[in-house]
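Following this line, the structures themselves.
First chain A sits with chain B, and in the next complex the same chain sits with chain C.
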Partner chain A sequence: MLSLLRGSLSILGFLALWEIVARSGLVPTDYFPAPLLVGETLVAEIGRGEIVSAFVATFLRALIGATAASLLAIAMALLAARYAIVRRAFDPIAEFLRPLPPAALVPLAIFFLGLGWKLYGFILVFACFWPVYLNAAQALAATPRVQVETARSFGYGDWAILAHVRLPAALPTIFIGVRMAASIGLIAAIAAEMIAGRDGLGFYLMDAGLSLRVPETFAGLVAAMVAGLLINALVMVLRALTIGWHVQLTRMEAGA
Partner chain B sequence: MRRLNVPAIVLGLLLLGAWELAARAGQNSFFPPFSTVLAALWANGGVIAAQIVDTLRRAAIGLAIAVAVMVPFGALIGRVRFLGDIFEPLVNMLRPIPPPAVAPIALLFAGTGDAGKIAMIVYTCAFPILIGAIDGVRANHPMLTNVGRSLRLSRLEIMAFIDLPAAMPIIMTGIRLAVAAALLVSVIAEMLLTTNGIGVYLLRSQENFRIADGLAGVVAIAVVGFLVNDLFLRLDRRLLAWHYATTGGAEGQG
Partner chain C sequence: MGLKLTRRLACLAGLATMLASPLAAQAQDAPKVRFAYLKTLDLMPFFYGVQKGYFKEAGVDIELIAVPGGPAVGAAVASGSADIGYAAPTPIMIARDQGQPFKAFVSLEWERTPDRLWGDILATEKSGIKSLKDLKGKNLGVSVPGGLCELAAHDWLASVGLTTKDVNILNNPFPQMPAMMELGTVDAVCIVEPFATAALAGKSKPVLLKKGYLADVKEKYRVSILFASEKWIGGHAKEIAAIKKAFVRAATELKSNPTLVKEILAKEYRFPPALIDKLRTDFALDLDPKAEDYRIMVEKMTKYGMLKHPMKPEDFIAQAK
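Take a look at the complex of A and B:
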């Protein structure tokens, strides 16, 4: 509670300082709108509705993309955990494709996939897949031997051990990957919208920025920040629902 | 110790073979076979290399600035209670902003030249490094500080000679995350604030329907990304050999 108070004090102080600097005329106000003006613009833009539909479009893209990629990556990691040959064959290819910046794929992917949802689907799944897969594959491989052997002596088969022992034990680490995937999904969605989009927050930001509507640009930035907070909060809720036992055991802070 | 990984080679060849056959069967000029892409890579190697150097140069400068500023800053925030109270809420507030979203603002303040792009890269790299430094310094065992005190080190000396080295494993994880992000944002920044770099090369290939040339650029950047990643992994293992020697293994997260 006290830390919450201190936190809001610090943020309020920062905003006040920003307001004072913007009003003092030290920097050109055209480029550097005061927070109150940004707030007013944001409210007005929400009234006009464009920023709301942009927010919803971007958020849904990021959410659907990150979810699909996470499920796919966990399925692939389970296969890799069950059959060593899958992991041996796939991991080097993963190492090779993983550092490829998703934005680099956008221009050429347009030829194959057009400008619609297929493009976003491909870019987002490609971007979000790797952190989940790598964390999941590593965690599934690292189950303590004793646990696996114990399950085996109770008569569990390989698949049952995977489902009832190794996967639950790996979930905390998998969620680290899912959390990365969620923020990467938002980044990839906004980047794709900026490069090739006709709607969404990325397009809104580029449009406002290039036409020098500066308060609107900052308002879009605030909307992007809210999207980032929201998608992270969703992952944390999902994490608490699925692995509450782990959260209680380790008492990791939400912000860690 | 490296053995030939047969399954990976077989899978890789199968995938490339499938690409080649599908493209040859399709006869679609939008979908060139792999051999054509390789030929394009050979033909455009010089151009692509020059553009990638621009991309990497900006990524490296941005990363270096972020490391130089954010590691000491994070150590201060992590260790000095008062500074933590002031800055940590701000860090947590700014962190969720997706990096590409700051592009229009970077453009506004720093223009389309190197400065604007490097500013975006610094911004992107700042957060994983800063958070690594804060968490890393805080995770240190209190006994280490007590040892420093009994050796009569000053607070600054404790920070420089005990806190930072002990926090290096966690800081390095932050830096490795930042390396991938730097490359990613470097490409995005080029595409948005076009002047030069591999991002611009890819856009131009698209605009002129030179698909094989564009795919050659994608292959090149995949190779470079892999090499950069590998370099930092090796660096990490060398610098932190003492750490892995006690904990065993350098298995890391992406």
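Take a look at the complex of A and C:
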């Protein structure tokens, strides 16, 4: 309850600061609308429906992209953990490709993937894959030796140890990567839509900008923030369902 | 008497159905053309014509593919996601120069000094710039590289003995330019409608330095086109003819009805009401590409190094069959 109050107060403080800056004349008022006007515009835009369909398109893209990338990255990390040759072969490629910014790939990717789901799929999976893979690979490699050897003494094979010991132990760290991937997925989806989209929040923002509808662009940004909060909340729910034991343990340790 | 009238009406209805059905069938069977576009003012006849069904009636089914920026149009056509695209001639000439088999098959908006000029060179009041010569050492915003405004920067600066090396060229999107002028991030810009009108109405109190993309060119030159790959153009003469026919029909209606134009600006473009009354609009009606409409642009782009290889204007256009 107290944390909810604190959260509400900090958001109110942020909105008050926004209002002060908007009224101060520090920035051109025509291009920096006050929060109240943005709120009114957002309500009107929701009524028109355009921002709602843009929100849904972007949110689903980010969600599907982050989910697909996470599954792929975890599978790849498991293979790398199981077979040293895979890890040795893949890690240099990872180091080489990881720094590439997804937005920079969009203009090139359009040429071989066109506009549409293939482009989004490629950009989102590329963007979301690395944080999950790196966290998963690191966590799988860091399983305490004693846990692995104990399982082996009980007759577990390499695959069984991977599935029943190393993966569960790595899940808390993997979720850090998944949470990062979810945020990156939203950023990548909006960036791709801004460069090559036909719909979604990125396209909505560009379209509103081209029509000089400044309050609508801010309304689009608020919608993007809401999408970010929602996708993060979904990851946290999934985390609680999957590794609730770890969350409780961490809280108990913090309490102790 | 009543029965006679009913029979006559029935006959008329039957006749109308017989006459209408080939048209309806034609509209239904019209081949689809995927059109990658930006929501610019000179494409208003396209949006209006599609909405009114003029393109289908002319024999082509236009699928509008909105894209958020100029580079995405070229990429959409090159990748096959769109059949045709809308652009300024400059980036398409550059793409052709670099090996893309693009050609203009419809000529759209045009400029000519002094009577028809769309591009504006504006400077902010606080920059102290009064003439083109004062641009030396200043920040000049020109939108995307390879665009019409890059050519405008070359040409207007050359007209007063300067080059683009004498100014700081900034590549900024058009929508942000009015705000950047107010903030003082840029001293001057090459800008298009509706952003030019927004900037002129803004607090930066801009000075209009020059009008037009090319420096005092008294012959007609095109500033927007429809383009496609040579292969597509070669196999779609009927569709191209239908596009021109429907566009001219829609443009003619719009030219004769300023109220309708304002309604579309408000409803479809959703421009702020304060801007709508100030906006200038007009639509080209002579859409057949002619080499002479592109000659001066090719010459100037070659002169300023925007084209690396010799190009004949005749090679850039697809002649109407």
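Just so we're on the same page, the second predicted complex is superposed on the first by the 233 of 256 C-alpha atoms of A that agree within 3 Å, B and C clash if a C-alpha of one lies under 4 Å from a C-alpha of the other, contacts with A are read in each partner's own complex, and residues count from 1 in each chain.
Note that a residue touches a chain if its C-beta (ideal position, glycine included) is under 8 Å from a C-beta of that chain, and two chains touch if they have at least 3 such contacts.
It should be emphasised that the depicted structure is a prediction, and the values quoted were computed from it without experimental measurement.
Engineer: Can you tell me whether chain B or chain C touches more residues on chain A?
Structural biologist: B
Engineer: On the A-aligned overlay, A:Tyr31 touches which partner chain: chain B = first, chain C = second, or both, or neither?
Structural biologist: both
Engineer: Output check: A:Leu115 vs chain B and chain C. Expected answer is one of first, second, both, neither. What do you get?
Structural biologist: Touch partner of A:Leu115: chain C, not chain B.
Engineer: Of the partners chain B and chain C, which touch A:Phe175 in the superposed model: first, second, both, neither?
Structural biologist: neither
Engineer: Quick one: classify A:Met206 as touching chain B (first), chain C (second), both or neither.
Structural biologist: Both partners.
Engineer: Applying the touch criterion given at the start, work out whether A:Pro102 contacts chain B, chain C, both or neither, answering first, second, both or neither.
Structural biologist: A:Pro102 contacts chain B only, not chain C.
Engineer: Of the partners chain B and chain C, which touch A:Phe129 in the superposed model: first, second, both, neither?
Structural biologist: A:Phe129: touches no partner chain.
Engineer: With the two structures laid over each other on chain A, which partner does A:Ile195 touch: chain B (first), chain C (second), both, or neither?
Structural biologist: Both partners.
Engineer: After lining up the shared chain so the two structures overlap, which partner does A:Phe59 touch, if you call chain B first and chain C second: first, second, both or neither?
Structural biologist: neither
Engineer: Name the residues of chain A shared by its contacts with chain B and its contacts with chain C.
Structural biologist: Of chain A, residues 31, 107, 110-112, 194-195, 202, 206, 209-210, 212 contact chain B in one complex and chain C in the other.
Engineer: Spell out the part of chain C that touches chain A in their complex, as residue ranges.
Structural biologist: Listed in rising order, the residues of chain C that touch chain A are 36, 38-39, 65-69, 71-72, 75-76, 78-82, 173-176, 178-179, 182-183, 194-195, 198, 202-203, 269-272, 275.
Engineer: Report the residues of chain A in contact with chain B in the complex, numbered from low to high.
Structural biologist: 6-8, 10-11, 13-14, 31, 85, 88-93, 95-108, 110-112, 130-131, 134-135, 138, 142, 173, 176-177, 180, 183, 186-187, 190-191, 194-195, 201-202, 205-206, 208-210, 212, 214, 217-218, 220-221, 224-225, 227-229, 232, 255-256
Engineer: Name, in rising order, each residue of chain B that touches chain A in their complex.
Structural biologist: 5, 7-8, 10-12, 15, 30-31, 85-90, 92-105, 107-109, 135, 180, 183-184, 186-188, 191-192, 198-199, 202-203, 205-206, 211, 214-215, 217-218, 221-223, 225-226, 228-229, 251, 253-254
Engineer: Which of the residues in chain A come into contact with chain C in the complex?
Structural biologist: Listed in rising order, the residues of chain A that touch chain C are 27-28, 30-31, 107, 110-116, 193-198, 202-203, 206-207, 209-213.
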